[in-house]
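After this come two complexes, each holding chain A, first together with chain B and then together with chain C.
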Partner chain A sequence: MRKTDQSRTFLPLVWYGVMGFLLLGYILLPFVRTVLEALRAGDGYGLLNFHEFFSNPNQWTVAKNTILLGVSMVVTCGTIGILLALYMTFLCSRFKKLIHILLLSPMMVPGVITVIAFIQLYGESGVVTKAIQYALQLPSAPFVFQGYGAILFVITYTQYVYFYLNVYVALKYMDYAAIEAARSLGASWLQIFRDVIWPVIRPAVLTSVIITFASGVSAFSAPNLIGGGFKVLSTQIVRSKANNHMEMASVQVVVLFAISVTVMLLVRFYSRRFGSIAADRSQPAVPEGMRRGWLAVVGRIVVLIQILLILLPIAAIIYLSFVSTSSIMQDIFPRSFTLENYLTIFRKKRVLKPLINSLQMSVMAVAAGLVLTVPSAYLIVRRGGRAEGILRFALMLPSAMPASLVAINLINAFNQKSLFAFGQVLIGGYYIIPIAYVITALPMLLSSNEVAIQGLHPNLEEASRSLGADMGNTFVRIILPNIAPGIMAGGILIFIRMIGEYTMSALLYGVHNRPISISIITNMQEYNVGISLAYGVIVILICYLSLALIFRLDDRRFL
Partner chain B sequence: MSDVILKNISHSYGAVRVLDQIDLTIRGGEFFTLLGPSGCGKTTLLRILAGFIRPTEGEVWIGDRDITALAPEKRNMGIVFQNYALFPNMTVKENISYGLRVRKLPAEERKRRCEYYTELAGLKEYEDRRIQELSGGQQQRVAIARALVIEPQMLLLDEPMSNLDVALRVKMREEIRAIQRKVGITTLFITHDQQEALSVSDRIAVMRDGKVLQTGTPGEIYDAPNQEFVADFVGFSNRFGGRLVRPEQMQLKRDGEGVPVEITDIRFGGMYYEYRVRSQEGEYRVLELNRGNASQKWKRGDTGVLTVLTEGSGANA
Partner chain C sequence: MKKRLVSTILIAAMMLSMAACSQPAAPAETTAAAEAETTAAAAETEAPAETEAPAETEAPAETEAAVASAELEDSLVIYTTHPEEMLEVIADKFTEKTGVEVEFINLKGELADRVRSEKDNPQADIMFGGDTAIYKQLQAEGCYAPTTPSWADQVEDGCKDAEGYWYGTYRTPMVLFYNSEVMTAEEAPKDWADLVKPEYKDQIVTRDSLSSSMRSTVVSLIQNITANEGEEAAWNYIQALGENTKNYYNSGSMMFQAVGKGEAAISMAVINDVLKNRDENAMPLEMVIPTSGAVVITDCIAATNNAPHPNAAAAFVDFVGSEECQLMTANDFNRMPVYDSILTQCPEWMQTEFSTLPVDWNEVSANQSAWLQTWETDYLDAEKAVAAE
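Let's turn to the complex of A and B:
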């Protein structure tokens, strides 16, 4: 009779064992390895490497640049993201859904491709640059698209989405009646923002600050491709690794980690001083009259510019992908169209391979990530005990780790035979990239699975049990079908993020698993710009199709 | 049909004791109601019966079989949840046949039973609808049919009316009662609504703070509450001459034997008049059936005498 009770705890125990083994072997111990590597001093351990780092003025500059980039990104992304969210909530009336999706779309284009597209527009031989030069009859390019300003411009364009989406969602819980009340009491718009709106969106803003700062300090594509003399930690880490200075790479990645965690903790500490405010919305519609006036006009112009900025690079990259490389390089407005770039990709196995690799590795990562996080999320949501708390903490850890840290950890742990890889050397092999993808995907997958499972009332499982279905049957027939849409939507989102992943790929790829992002860059550097752009268009296409699939599966996500 | 016996059941969530030594026997085939205010432990008791929680102490028996440790899927109990818990990924028909499919019953038998209970619940024309396309009342019928189709030992209903509007509640409770009579199944019905409990039950157990205060037929509970809480919970009662007396068991007269009172307020309830009266000792409510013009004679400020009409065996106040 007690058997059922035992099996209830036995299966979870097995699961915790498996998860413990994997999390220990692939996240915790590799991180310890990196720290030890950073502390290595001759035959012993010490702060020698750190001393070397901090006594070198160049390294200081790199660290300062990194922080500068993080902070300026928070400022620019915060300003644009919050303004757009306010406009969309209070002022936008026509084509709201379409504009909203357009505003979210930069998230769906891999960073590498965005940077390439920007280079095609604003770079030395970019369309916009040449157009201005031609129009004004200048002897040379009117500006140099490189360095701090260029990086900030490109990253802001993609990363404002966090602020925008988080604030937009928070504003859904805004009580419009409070705004009306404040207005009737004679408050100005600025006062209304400060006293009524800000308290509601503050938690969302603080979360966005953390995410945006973290992605700013660990940004790699833009600094790497258009950084010029502006060096940041993430680019130096790749360089140290390429020069086989694993000790220096480890120091740099630990410093990067420290910067990002410090800011995260500071913001958390600051935000704990405020409770979250969740007002019930008493009035479903925005009060009339708000939509008129000069604010609305200014907002509309900002949105138009933003959408133009979003669409221009994509249009350019699609357009140029149908032009031969020589025409791209020589003509101001290339007009000789050809399918040559695409044909090359699909005809030559060697050229097609990176695309296949990336598709395979991303799908693998999503599948493995789901296998690991679905049962974990289920146990965490339904049991919620101490063991589940620890499991959740461990699974969320990678969200505090910059991508380059994850990669360096793996290199340090698996560049030799490892117990956790069953005696294999993983570095240089095919699976190391999908493994890295899985690790970074765990937090997001876990969260989206948790949301899906929380949406499933526990009564459904009980109803199924009472009707005679055992736990296994209930899982397959009731739980899985009902959480599948949410889980798949989360999985596809990860797939989109991984298909063009660049930072970890750059640190971990080898001859067998060269991903598309690397090929996009090498083709570009080898003057096969056409191929590079065609790759980009194919990836964008894949991403947008995946996005469409997300909307079909889970139509409330993002909206 | 076997009796269902709860023997000395106690349950604690952590350190909080929510059920305290419950002893109940639900007789085979009867419609038994647990009545009590929200939070008194009704759902917990139902979940113990269904097997979703093991009681901290005590045993659950069906006939001469101890099922305390039996897994829920082996208990063969039909449950209608407060929120119905219909499977959103299935149609009406698929919901109803679910219990038969997991039991791997032959297709022939499945079809026969499904048709019977679909018909019984009045769902014939909705068979292929999705759950989201049903009204609250229809969803409840699906939940009932789904629970009955497995021909369970017992039917458990946890506040099934709480998501319905008032008019529908009365209709559905009549329907549930009719279906129960027809199928003849032992039923445990949970509610916090005394009217509902009184009108449908064979027997009622009144609960408070994890204890059963009184068990009896609706008549016994109403007419002879064994304590003040029970009396108040199943309707208003006056404390009159040291006893609990229902308003309709009292009579107002112009003169004669009785306690002198003054009428402070009169309310018209259609079928009846309700008088608020005051004596030296306190205030009372008196109900009088509306028999045409009989009530015309009383006005606010009138004085009269108050007597107890029927000598109920009411508990001492």
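Let's turn to the complex of A and C:
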């Protein structure tokens, strides 16, 4: 009995020590370093660099563009996501599951690949652009696929998923009887939405606003590839660094962080003014009358367009990956088929390596992330004291950090020998990318683990303990096997997000760990578009297989 | 239950694989493996040499080769600005000759920054590509180790470092070009100064600030104008050039496509890219050597300081400048050799005299960080692409 007591306090203490060391060394202190770098003025510290930034109207433009992109993304993604969720909940009756999965699928395609697919479709010589041009007999392309509009278009079609999924899940807790009642009292659809539906989905919408805004301001692949002269902070950070102005890169990344945190706090503040509406689920069946009428027709058209827009790029990538590069470059509707692109990848070690690197590094990141977050989540859920509160805060901190900030932090902290890396320099080495992946994965893994652990009945553990097992034993033999499916599902989700990661990779990659996203871009820039697209197809395939695995492990996650 | 079992095993496997991650101290595992192989390989080559040498007299060439490769490390890492297509050919030739496995990445305009930020922990043995100004700057920061390639004496003084820290490898002229279906030779600009004329408004496209050659061109023009007319005139020129520029491209292929399709008629690029697109892709392009001279970028090479594979690095520097390699890159990739003696065996354009824009690369070296950042933040037009829509 005494031994058990000791282990109950001793094991967590060790854990807090380990976590404290890692979180301090890899998240907090690197951030402090970046702030210090931004404050560096000559030999001392001061606000000189910030003054330089804020006194330059062009830097203001960059900051304004960044905010503009974040806000417009919230608007477009919000509109599309909420509309789709409403349609799927109230109006969709046929092929519901299939459509739902299709609507979720943009999440499965890494951003870089989406952007390239969009360029192939809507770019100056894109298939869609040319088709429109020929159909309407226009002398030149009907639109320029570059700048603000193009970026917004691309990101909207990948990022609306957050809004859609969150609102869709929230609507499951909708009391349909209330809608019926409002209808019979003669309320219009607009009134029903405002007074009955909105209060229910508000928390989900606000969460989505935070996530979407954060991903909008830190978006990198779209502004980098099709931004033209539309500059945002995330792309300027890379350029400042390339121009040997690390202090300016640090200032820009701190400003980006400030923008993202400010919006997050504002939304949190706003959402705290409303309590969440606890609706009892009464009748899940949707009243019949709603499925007819013009709303349903409009909804169906919107969904059809959306699915077309989702499938078109994927179809284009797959199609073009079987076409020779010279045909892609010269023919407007390429038709000379070949397996060459795939054969090159699997025949040449040098070309295959990035794919293997990405697989390895993502798996490593998921494994390390789970090892760090599963015990932490357990302690947080079961103990819930002050120490656990601090641990949770620290683990969730990266969710407020744009990807470029995480990368710049690591560069500032580990481009010299560091105590936290046991006296090694990490920059330029292999492990710096998996480390960055782990850091960004922590918040998502933690929340997914918490959910899994909350679903576990405490009686199980008490039974184990009363039978004489200590805390460690109980955790490994009873808790882990029971929560494994939920945890694995979360892990696979992270794997999917990391395999095509571009923003951090672009700042951190080296010769030993070049990930596939970088190779996709390099090949495209060096006139090997075919290989880029074949890489893309392979990654999409891996992601979809992983998604299937998630559904098998944990089918309640999305449906 | 079965599902659970599988998951548990997976988790356990992942935890085991953590053993590898928990020591972020070690550089890549591959390095360790490579080292092990090196020692093994060294042992293998040494052993037979000792036993057999006294007994039989082998062909001297073979023993020489064996001795040379025993001194070299097993692998070599190159950071470059050159296309991977060209690097692959050079690397394969080098591997064929020495047995050293070569890895490389094309870092484009970020090359210097990478070498600099890895100074305390160099991953690359070779920095290959980029102009003299960059090499002077990084040499001053202590990023290089000196080498003594056999061809060093043939390179003229401005194109190499006196102490051997870096050497020029190619002379790369940056020229103007235009779409000959869109404008005539008379309408086309003749010189850098013409680019800012009002008639060329929205007729020019260029690469963006992450292109290595574009960076060299901009700082060269700034330095040249500053020397003649003062820095204010230089920035006025850059401003006017920006006003006439329709778009900036992240990728060379997209920029050439834009000119090829007549979206804009005029652009600038290194001569080998213009020739490649004109001859291989049959694009209607005409080249213009500016009357005040082409910006001639001396593409350099250097071995990094504290390189992981210093001997292989020195051997590679020697190889890149060798007649064999220089002729191959000249004839297959349109890279003009850094010394004159072999030009007669090179493509015709290299044998024709062309004028060079006078640029003080020392000045460029001292100022380029500031100039590039100013160009980036204040002159590359942020509103352009938006306004174009």
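Side notes on the structure shown:
Rule of thumb we're sticking to: the second predicted complex is superposed on the first by the 546 of 559 C-alpha atoms of A that agree within 3 Å, B and C clash if a C-alpha of one lies under 4 Å from a C-alpha of the other, contacts with A are read in each partner's own complex, and residues count from 1 in each chain.
One rule holds in what follows: a residue touches a chain if its C-beta (ideal position, glycine included) is under 8 Å from a C-beta of that chain, and two chains touch if they have at least 3 such contacts.
The structure displayed is predicted, hence computed values, not measured ones.
In the superposition on chain A, contact is made by A:Lys241 with chain C only, not with chain B. After overlaying the two complexes on the shared chain, residue contacts for A:Ala413 are found with neither chain B nor chain C. Once chain A of one complex is fitted onto chain A of the other, the partner contacts of A:Pro481 extend to both chain B and chain C.
Shared-chain residue A:Leu493: touches no atom of chain B or chain C. Of the two partner chains, chain C is the only one that A:Leu370 touches; chain B does not reach it. Contacts of A:Gln59 after superposition on the shared chain: chain C is touched, whereas chain B is not. In the superposition on chain A, A:Asn513 makes contact with chain C only, not with chain B. Counting residues of chain A touched by each partner, chain B versus chain C, the larger count belongs to C.
Residue contacts after overlaying the shared chain place A:Val323 against neither chain B nor chain C. When the shared chain is aligned, chain C comes close enough to touch A:Leu426, but chain B does not. Note: residues 481-482 of chain A belong to the chain B contact set and to the chain C contact set alike, using the contact criterion stated above. Those residues of chain A that touch chain B in the shared complex are 1-2, 4-5, 457, 459-460, 462-470, 473, 477-478, 481-482.
Within the complex formed with chain C, the residues of chain A that make contact are 56, 58-59, 61-62, 65, 124-125, 140, 143-144, 146-149, 224-225, 227-231, 236, 238-245, 248, 329-330, 350, 363-364, 366-368, 370-371, 411, 415-417, 421-431, 434-435, 480-482, 484-485, 487-488, 509-514, 522, 524-527, 553.
Taken in their complex, chain C has these residues touching chain A: 3-4, 7-8, 10-11, 14-15, 17-18, 20-21, 23-31, 77-79, 83-85, 88, 103-106, 109-110, 112-114, 116-118, 120-124, 209-210, 247-248, 250-254, 257-258, 261, 263, 281, 369, 372-373, 376-378, 380-386, 388-389.
By the touch rule above, chain B contacts chain A in their complex via residues 50-52, 54, 68-79, 81-83, 85-89, 98-99, 102-103, 146-147, 150.
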